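Structure provided below as structure tokens; questions to follow.
Chain naming follows the written order as A, B, C and D, and within any one chain the residues start at number 1.
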Amino acid sequence: MARKVSVDISRRGGNTQNGAQSCPGCKELLSPEELRRNSMICPHCGHHFRMTARQRIELLSDPDSWNEIAANLRSADPLEFFDLRPYPDRIEEAEYDTGLSEAMLTGTAKMNKMDVVLAAMDFSFMGGSMGSVVGERFWRAAEEAIETRFPLVVVCASGGARMQEGILSLLQMAKTTCAVELMGEIPVPFITVLTHPTTGGVLASFATLADVIIAEPAAFLSFTGPRIIEQTIKEKLPEGFGLAESHVRHGQVDLIVPRLELKERLVQILGMLEGGVACALQPLWEEEARRSGRGGAFAQAFDRIKALAHSPRRPPQG
Amino acid sequence: MARKVSVDISRRGGNTQNGAQSCPGCKELLSPEELRRNSMICPHCGHHFRMTARQRIELLSDPDSWNEIAANLRSADPLEFFDLRPYPDRIEEAEYDTGLSEAMLTGTAKMNKMDVVLAAMDFSFMGGSMGSVVGERFWRAAEEAIETRFPLVVVCASGGARMQEGILSLLQMAKTTCAVELMGEIPVPFITVLTHPTTGGVLASFATLADVIIAEPAAFLSFTGPRIIEQTIKEKLPEGFGLAESHVRHGQVDLIVPRLELKERLVQILGMLEGGVACALQPLWEEEARRSGRGGAFAQAFDRIKALAHSPRRPPQG
Amino acid sequence: MPTLPGVHLKDEIAKISQRLKELGHGRHLDRAVWDKVELARHPKRPYTLDYIEHMFAGFIELRGDRCYGDDPAIVGGLAAYQGRTLMVIGHQKGRDIASRTERNFGMPRPEGYRKAQRLMLLADKFGIPVLTLIDTPGAHPGIAAEERGQGGAIATTLMCMAKLSVPTVAVIIGEGGSGGALALALSDRVMMLENSVYSVITPEACASILWKDAGEAQLAAQTLRMSSDDLSQLEVVDEVLPEPRGGAHRDHVAAAKVIKDALEEKLRELETISPRLRKKERFEKFRRMGVWKENGLTLF
Amino acid sequence: MPTLPGVHLKDEIAKISQRLKELGHGRHLDRAVWDKVELARHPKRPYTLDYIEHMFAGFIELRGDRCYGDDPAIVGGLAAYQGRTLMVIGHQKGRDIASRTERNFGMPRPEGYRKAQRLMLLADKFGIPVLTLIDTPGAHPGIAAEERGQGGAIATTLMCMAKLSVPTVAVIIGEGGSGGALALALSDRVMMLENSVYSVITPEACASILWKDAGEAQLAAQTLRMSSDDLSQLEVVDEVLPEPRGGAHRDHVAAAKVIKDALEEKLRELETISPRLRKKERFEKFRRMGVWKENGLTLF
């Protein structure tokens, strides 16, 4: 019944010589400037092109409000990984191509004057893959959210784990999950925005653990990569498979928000979750703290994260 | 593909004049004595016939260990319900036919010397329907389990809510659920045995809220009655629909235990759950109680149920 | 029950029954009850999303059970309420043929109940009170729904409501049909619109089972005592909310105002109580449900 | 990164890469690593149910996620352990063609992970420690599994393990394949049998992606550092457990004894710590995972 299509998660559209590309939605030819001006949305059909992390930060934060945190983290090469090229070589190229220090940027920002901790992933940095730096940056962002009690918003875009960090990249799923669990104890509101594409280890950890999961229209979301599934089932995937709209129907995503409404919608939801926290939990904590003489749930979770933040780490090497 | 069959939840088999009945499993003619001697299991094909509540208690408790509790509860007629016959009339007939005071008996017993609170439902008492007495007996059983810290085992068999008590029968689902929640705070191990048939409000409340859900072979389990589903889908139900074996495949039931192994298996599971409680939670409670000076989680839940048990009820009437 | 020699109790009972049956059929049929059933099912009656639209300045619908699907027969989400937040969850019927089909006539499947649980737990995490709006003929009767655990889904939703530490208010706005309705109504306060009904079974099904005649639905409705007055007398609902003249369908905005005012009052009451005490009172409330005789005395 | 006029960095990088590629291909291929991969996948290697049989006096399998299904690729239940109780949960492969198909080659679907969560929470409720045995090529890749939320099911299982207040011990007994394996391994103590492997991706898939040649699987396996020795060096596992001579498949009973003894030791350690501290240490353990440079220094 359903038309079979091959899913191309890079979804670039064709590039022409002057840098213009044809829209995968309507085949119109679009210049890079035209796209950038329009938040990387096709003005003809509304197709959402991928955004870089910097574009995303610009889209979501008030002017001049962005303060990057954990900016000095850089990937190491713990496995001395060498496939067709050494890992540091690939990192260097990605840095050069994207102007970024890693596949996720983290910082604080204001969204319509509301303080938030904001993280944005960038698919163009090694496919948005999660290695140690992405995991640690996520941890620091969660830590910042817990300490400041600002909500955390993470814009996801990822091809999965950073294979070049081997098992350590896999373990970032466990690490980021622990960070989410700590935020939950406060609780700090946590929202993820799943953009095209969000797959693999990112989808199977923090991306799907948020209080509210938003997706961009037509974002491809899948734990297993489409090619692996096609190899397994030995046929092309049905049309619409893995798209955000399908995930809403299947109960995995709360809502789809078009990019131009995203900031407003985020502020609205965060305000509502905070409204709950501000009005209802505060007296509860105080009551509990008073009664137990132990400082209440908030104080305990706060103590815990502080303790972790300063827990002994092995001495720096290298 | 699957053969369509009409589901008969009474599943009596045909009665002949001398009281013998033909087995629905193998069509052999079985005398009542033969069946009783064999725990109501067909000696030819292993088909499990329905048991009465008293047979069930005999099957599961050590000789002379049964002590009924809440024995003096009887149905009232709050709605003055009158269909083709008045409700008190139906109750009286059920009492006469079954020799029981209601569709559920509750008490304490020993199972292989282990103390338990035991409840058994009887389908022959107005279709094992749950009205106020079943709900209150369940509550008292839970209360007993919490006070004594004996585990609770409930053998279910029910056609659903007691229509003649109208909305009050519906609310027994909420009431019994609250009792389960209170047990969970201790925690007291709670196991249900779903026997043929367990449907409607019982299935949609305490029966499916147990720590471990056991079913007897081929027990029919369904929230909606088979006839209503057939009317809705306008065809006969597929063979095997609603049977315990199907529910295991569909993830709704932990395990199927043949009747003759039931007692031993219950003791084994209860022992294991208690093993956890005894070895691991006890020191935890003590530690918590010591630190908070508030008597710990156990003491709190215990206080709560005690308070509820003695909460003011309106003065007796009638 | 002791039997006396020579007295065949069953025969006696049968004879008395026959007499009572004749009496019973002569009962006065109160048309007002059936009017309420029809108003509760009125095709223009406001539904959950209508109330949400008229009660709240903003609403963000949150979808899905994070497991199997999103059930359009139950809607839920965050609502902006006097500068703060509510989690609103309710059954949703459709108005035209397409949306009725999409909403499955307001009959939820297990994923609907599991979505409700998820949203309740989200509300509980952030201290957001939960308002449930009840309007369903009952849970969906179907093979796949049973296979995905319709019974367990309702039971665990009840359990979820029992556990919540936030204030919970339920309003029966239309049909309160059986377990499918109750699943969303294990609340600190349960209210009912004047022309809504709440029952263990639909009058039609009750009539066909007990009277062996679906045509006796009106008599069944009356006998089941499913109107708001009856339920108030039975102390199953805490308050009956008056509807605009002629019924809620005549004035959606006014009906929404009635609910909003009552909600505000109930929340004010509930929020002065500590979460612990609120939960204790909730348990006491439902523990008291039912009427029985004990040692010969009738207890409520 | 600053660019200098006239220097085309990308070209430079490409040239260097080519040189390094030639060097890389000349690397010594350590046959021992691939031997371990093959032993980890050995068709006679003991599986979860084999270990359960040899380690415990009694085992009650508990099935189902209470939502959609029972996944035979993950088994779990209560095990009698030295007069007390353990909750044991593990991936389960099949031995012959029929059972391999039934067990889906040990590749769980979402309902398998949700069953695992249910059993973990049951254990937590009764203070029963959780032992997980890990042996899967990875989570099942398939359309329906994705639609039922494979990603979310793994994530929530990780979250569930993070929350538990009981002691948790994981042992990688065969293939520790990707997120499908990790989902059961967010434990207080993580151990590995000598000839098991644990990796972010199968060597075959890694080779075909990075080397564009599935035939380079042996090189990929070595480069990924997926053997127990490597993982011990990387401090991802707390202990490597020696297998019987020739591998666990030679002597299931002896292999089970190794795990049982190690388990006993770890549980003794863990039970002297308060639940609160145990959880704190669990978080610290996983927080430390990863290696990065900060202000030019490499941090672990």
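Going forward, contacts are C-beta pairs under 8 Å (C-beta built on N, C-alpha and C of every residue); 3 or more make two chains touch, one makes a residue touch a chain.
Please read all numbers here as calculations on a predicted model, not as lab measurements.
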item	value
Taking each chain's C-alpha mean as its centre, the one farthest from chain B	A
Pair sharing more residue contacts (C-beta pairs) when A-D is set against A-C	A-D
Chain centre separation (chain C, chain D; CA means) in Å	47
Distance between chain centroids, defined by C-alpha means - chain B, chain C (Å)	25
Inter-chain centre distance, chain A versus chain C - centres from mean C-alpha coordinates, in Å	41
Residues within chain C bordering two or more other chains	66-68, 148-149, 152, 156
For chain A, residues contacting two or more additional chains	208, 250-252
Interface residues, chain A side, partner chain D - complex	72-76, 78-79, 81-86, 89, 92-93, 95-97, 99, 131-133, 135-136, 139, 161, 163, 165-175, 177-182, 200-201, 203-209, 221-224, 228-229, 232-233, 237-238, 241-242, 246, 250-252, 304, 307-308, 311, 313-314, 316-318
Contact footprint of chain D on chain B as seen in their complex	184, 187, 189, 208, 211-212, 248-255, 265, 268-269, 272-273, 275-281, 284, 287
Contacting residues of chain C [partner chain D, same complex]	66-68, 110, 114, 148-149, 152, 156
Residues on chain D engaged by chain A in the complex (per definition of touch)	1, 3, 9-10, 13, 16-17, 20-21, 24, 27, 139, 141-143, 145-152, 154-156, 158-159, 162-163, 178-179, 182-183, 185-186, 198-201, 205-206, 209-212, 220, 223-226, 231, 234, 236, 280, 282-284, 286-295, 297-300
Contacting residues of chain D [partner chain B, same complex]	58, 60-70, 78-80, 83-85, 111, 115, 122-123, 125-129, 165-166, 271, 274-275
